[in-house]
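Read from first to last, the chains carry the letters A, B, C and D; within each, the first residue is number 1.
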Amino acid sequence: MSILKRKFNPEDDLGFGYQPVLKNQPLILQDGSINVKRKGLPFFRPYDNYNKLITMGWGKFWLLILCCYFTLNVIFAFIYLGIGVENLNGAEGHTAYEHFWDAFFFSAQTISTVGYGHISPRGMAANSVAALESMLGLLAFALATGLLYGRFSKPTAKIVYSKNLLVAPYLENNMGLMFRLANLRRNTLIDLEIEIIFSYNEDVNGKILRRFYQLELERKRVSLLTMNWTIVHPLDEKSPLKDMTQEDLKRTEASFSVLLKAFDDAFSQTVHSRTAYQHDDVVWGARFKPAFDRDENGRIVLDLSKISDFSETELPVKAEIA
Amino acid sequence: MSILKRKFNPEDDLGFGYQPVLKNQPLILQDGSINVKRKGLPFFRPYDNYNKLITMGWGKFWLLILCCYFTLNVIFAFIYLGIGVENLNGAEGHTAYEHFWDAFFFSAQTISTVGYGHISPRGMAANSVAALESMLGLLAFALATGLLYGRFSKPTAKIVYSKNLLVAPYLENNMGLMFRLANLRRNTLIDLEIEIIFSYNEDVNGKILRRFYQLELERKRVSLLTMNWTIVHPLDEKSPLKDMTQEDLKRTEASFSVLLKAFDDAFSQTVHSRTAYQHDDVVWGARFKPAFDRDENGRIVLDLSKISDFSETELPVKAEIA
Amino acid sequence: MSILKRKFNPEDDLGFGYQPVLKNQPLILQDGSINVKRKGLPFFRPYDNYNKLITMGWGKFWLLILCCYFTLNVIFAFIYLGIGVENLNGAEGHTAYEHFWDAFFFSAQTISTVGYGHISPRGMAANSVAALESMLGLLAFALATGLLYGRFSKPTAKIVYSKNLLVAPYLENNMGLMFRLANLRRNTLIDLEIEIIFSYNEDVNGKILRRFYQLELERKRVSLLTMNWTIVHPLDEKSPLKDMTQEDLKRTEASFSVLLKAFDDAFSQTVHSRTAYQHDDVVWGARFKPAFDRDENGRIVLDLSKISDFSETELPVKAEIA
Amino acid sequence: MSILKRKFNPEDDLGFGYQPVLKNQPLILQDGSINVKRKGLPFFRPYDNYNKLITMGWGKFWLLILCCYFTLNVIFAFIYLGIGVENLNGAEGHTAYEHFWDAFFFSAQTISTVGYGHISPRGMAANSVAALESMLGLLAFALATGLLYGRFSKPTAKIVYSKNLLVAPYLENNMGLMFRLANLRRNTLIDLEIEIIFSYNEDVNGKILRRFYQLELERKRVSLLTMNWTIVHPLDEKSPLKDMTQEDLKRTEASFSVLLKAFDDAFSQTVHSRTAYQHDDVVWGARFKPAFDRDENGRIVLDLSKISDFSETELPVKAEIA
């Protein structure tokens, strides 16, 4: 029986064990990020560089590029000064300050391979450094431009989810837990698959454990996302939520994690999107308003700003269950 | 029973609900695009830029590149003029007009890193701007060239579909709905999977609802597309089309959406192709002519221009069904 | 019954219909290419350019790059000549022939953005063309270098297959059709899946039709290819080959198409490999020799040159089947 | 029966046959590499170049780039010397040694397209070689920069596995073989699938054969790796390990190969990770210590340095099995 129960309760589904959620710190936040602090990592983690550079903000990224460019030029300026500024033909500065900037701008012209030539290297040392610098420049800029384009062309899903989970009438005399989503991008999403994991704290002989259930859905896959998609979990006898009230959800710090997978036609790649609903996002007795309209030609017009709109409604009395 | 019916009727398969099609505005057009207008989007959508730049026409793309190049040079030309054209060594213009073009062409030589050097920057300000511009030039051109190559190497399926859906004799005493496809590209398509979704308007107690059915196919997967492939939906007892006439299809604004998925050997990626047939694309009583021939060595010669060719034929009288 | 038979006979598995093979022109050749000539294609097929440029031979590719570079420079040389060679500062040629080469080399220095500057443009026209040329140069070289790297980094499986298909003793008192494969690359192949399609001509009431059977394999998937892999089709009662002799295979122009799919660890992509065996590649009564050895430390040494080696052996008399 | 046994014993699962492991030379090493020497390969293997260049160490890679750059410049220096150093305008060297370095640095300025212009080519021959060199330079640097970025952005899983396999108490009165893993990277891993293959030498009538078993797991897939994941193989009646002692594992040179597959959110690609445990990595009677903690807000803090920590414990006496 213990094994049976364990199978029905996939508590490792999110890689967590039985650990309860405390003080409203859910496992997954609304923006899809994971709410776990990590420590004990090695100090130097070169394998995270690419990830950091691809996911940091644009402002930070440009600043970093600028700083690297400036720093590299400063370093090479000092190297040229070390060799002697007299080895830079055409450098006309007279003071140490002017010498530095001559060397600095010569370095910038070399590293970007623009090479005007009004300043040019003379002698073995300066020529060698310049040859090396232009090579390094090409490689360094390849990293920078690769990252720039990688950031720009990174395949990411831009899914808009309804703000709330609704407990709505569903079929005849029944109820369902519902939310909606739509694609904010112009591209087409194909082969969408969705998974909802419901978790809550359970009191087992005084010990609080976290339980995880994958919710059964009316349909968990669509071939093509043309409009909005309403995902429905029927609140029938098989549902782990069937006897829960709004109070229960709050008390057990219930949360709903949503995992979406789709194929993106523009990027020709699989994209993922995540979100989470907490207990206070659930609205009991409501129904989504249609998010689309018809234009004069009968063509459907989808209004993405209405994706969260709902109206209150009465829920069926579940006579046959009670 | 209601649930059962719902399961047999996957009305969310295309992300549409029960909305009927009006005035011949099908969900998917023949070129595979989705016939839905979208509004309510945020005005500024940076996440759509890549998609737009990758999918816009080639003429528009080149024009955009040229405009950006021109505009950037104009901006930098004014910056150099602001600093003072006397800081550009070798600029020989005498009038304001000539000064502008000196600055403009110096900018172009800097941004493309060609740097002839007959004009070169002098002093802190001009040198700093030039150093910055060459860096920006490298990054901006990386975006442009990345997009150019991304457009050029974008994996897309070029599938040619037969113009019509045929209702043809199939096996002994039976009929099938058939269409053909072939690969227009030289590359090889592997692991092809096809899905046909049939939809029509149904009158349910005076309310018109759209019904969606995934049609059962003789085979929905082939390992390798070597020639043309004829997709067959048998019009047997299980088919939702079994009692429909040409009239019925027209009245209910029936349409057939075709979704194809394949692995492309040249791009090493999964590609998708879509098309749709409307009720007036269906030909009753016809049979595809062979699209291939033999050369003198017994080798098969596929003629892609014949992919839509059919000849009229008589349909079997469905005695046993009637 | 007809439908049943049809299901067991996946004649569309390779996208061919019932067409027999004539004069030893199998569907798939030994190198995995498809033996079908295509015609009726539109004359201008831009969508095939990438594919052609990626798959053409290296010699042809380099020649093409060189020709494009030369041609572009010739075109721009004539444009500069048209503008007047006096607008190229530093061009010292005196004859028309020398003028041309001055313009040509100035163009080469501009298009490659090397821009020495001993020749430099003067005046609006020459400067404009030079600015445009350096931009085009950056874009054109981006295509060339993208293709170069795309060709270099194209994920392709390099699988070595044994030259022959062996009919070998298998388990107790039974026989199997076997061949071997190994990875020629240093990389690791993961999640390998193999499919063998056996096809032959069948005489159905005087009409010759091609039949296709997917052969059942002892195992059609391995998690990891560490050494060589011997693929076995047991010649038991379920095999379509169970009553066939070497003569039958020849008469019916039998052929065996092999489709392999794997995940390549180095390229992080799925790769495919194909080959085909014809009836005269089948050896009756043979057994593969081990392709590996042990070194002094007990470590296994795989000898890829022995992958096709076999020794003759006696086949079991199939008493219980006869 | 023989076939049945064979099916239950997937001895080709790793592409190995029945070959026993000798002298502690397992098939897969702890770092996931495959312990097989390969020979009989063709001498010239261009298809392995990319793989080698992508996977070699960073030091070696930089050295290789530098050597190529140096060598190319030396070659072109000799070509320019062959043409005659008087064809390089601005080269001021007087001795053969100085001539060489003038030519060398001119080559470096050409190949990197920096082109200062204080040295510039004169005449057909020098100009032609320079034009060719700048083209080659662009292409060669494209390969170098492509490889650099390819290495930098290569999607690889950085999984930390616990150092030991534990035989731990599991559920009521039972035992399980357990190990843990966590993600060292900042990125998110989705759709993780794990496979463990247990192999050992078996004495079959005096002949030692290698047996392979895929171990059944409590769960072999998680949707999302948020924390650490403990993989459990229950040592119940179905386990091939159920009657084995620590002694048996050693005698039979038992080993456990772990194959992990996941989707990496940052790289948008599938990544793989492998490891292996040998018999002496198994600890009998131990239990993993929690690797995480709570901070003051109830948020979970994962300590990756504790992933291997365990404490000794007593194992249940398997009364009902004995």
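By our rule, a contact is a pair of C-beta atoms (placed from the backbone, for glycine too) under 8 Å apart; a residue touches a chain by one contact, two chains touch by 3 or more.
For clarity, every value in this text was computed on a predicted model and none was experimentally measured.
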{"item": "When chain A is superposed on chain D by its C-alpha atoms, the rotation angle in degrees, nearest 5", "value": "90"}
{"item": "Most remote chain, CA-based centroid, reference being chain C", "value": "A"}
{"item": "Interchain centroid distance [CA atoms averaged], chain C/chain D, Å", "value": "26"}
{"item": "Centroid spacing, where centroids are CA-atom means, of chain B and chain D in whole angstrom", "value": "37"}
{"item": "Chain D, residues touching no fewer than two other chains", "value": "109, 113-117, 146"}
{"item": "Of all residues in chain C, those that touch chain D in their complex", "value": "65-66, 69, 73, 101, 105, 108-109, 112-118, 141, 144-146, 148-149, 152-153, 156, 158, 171-172, 184-188, 190-191, 218-219, 222-230, 263, 265-266, 268-269, 292, 294-295, 297-306"}
{"item": "Touching residues on chain C, where the partner in the complex is chain B", "value": "2-3, 6, 10, 12-17, 19, 21-25, 27-28, 34-42, 45, 47-52, 54-55, 89, 109-110, 113-117, 119-121, 124, 127-128, 130-131, 134-135, 137-139, 142-143, 146, 150, 154-155, 195, 197, 257, 259, 261, 267, 269-272, 274"}
{"item": "Contact footprint of chain B on chain D as seen in their complex", "value": "113, 115-117"}
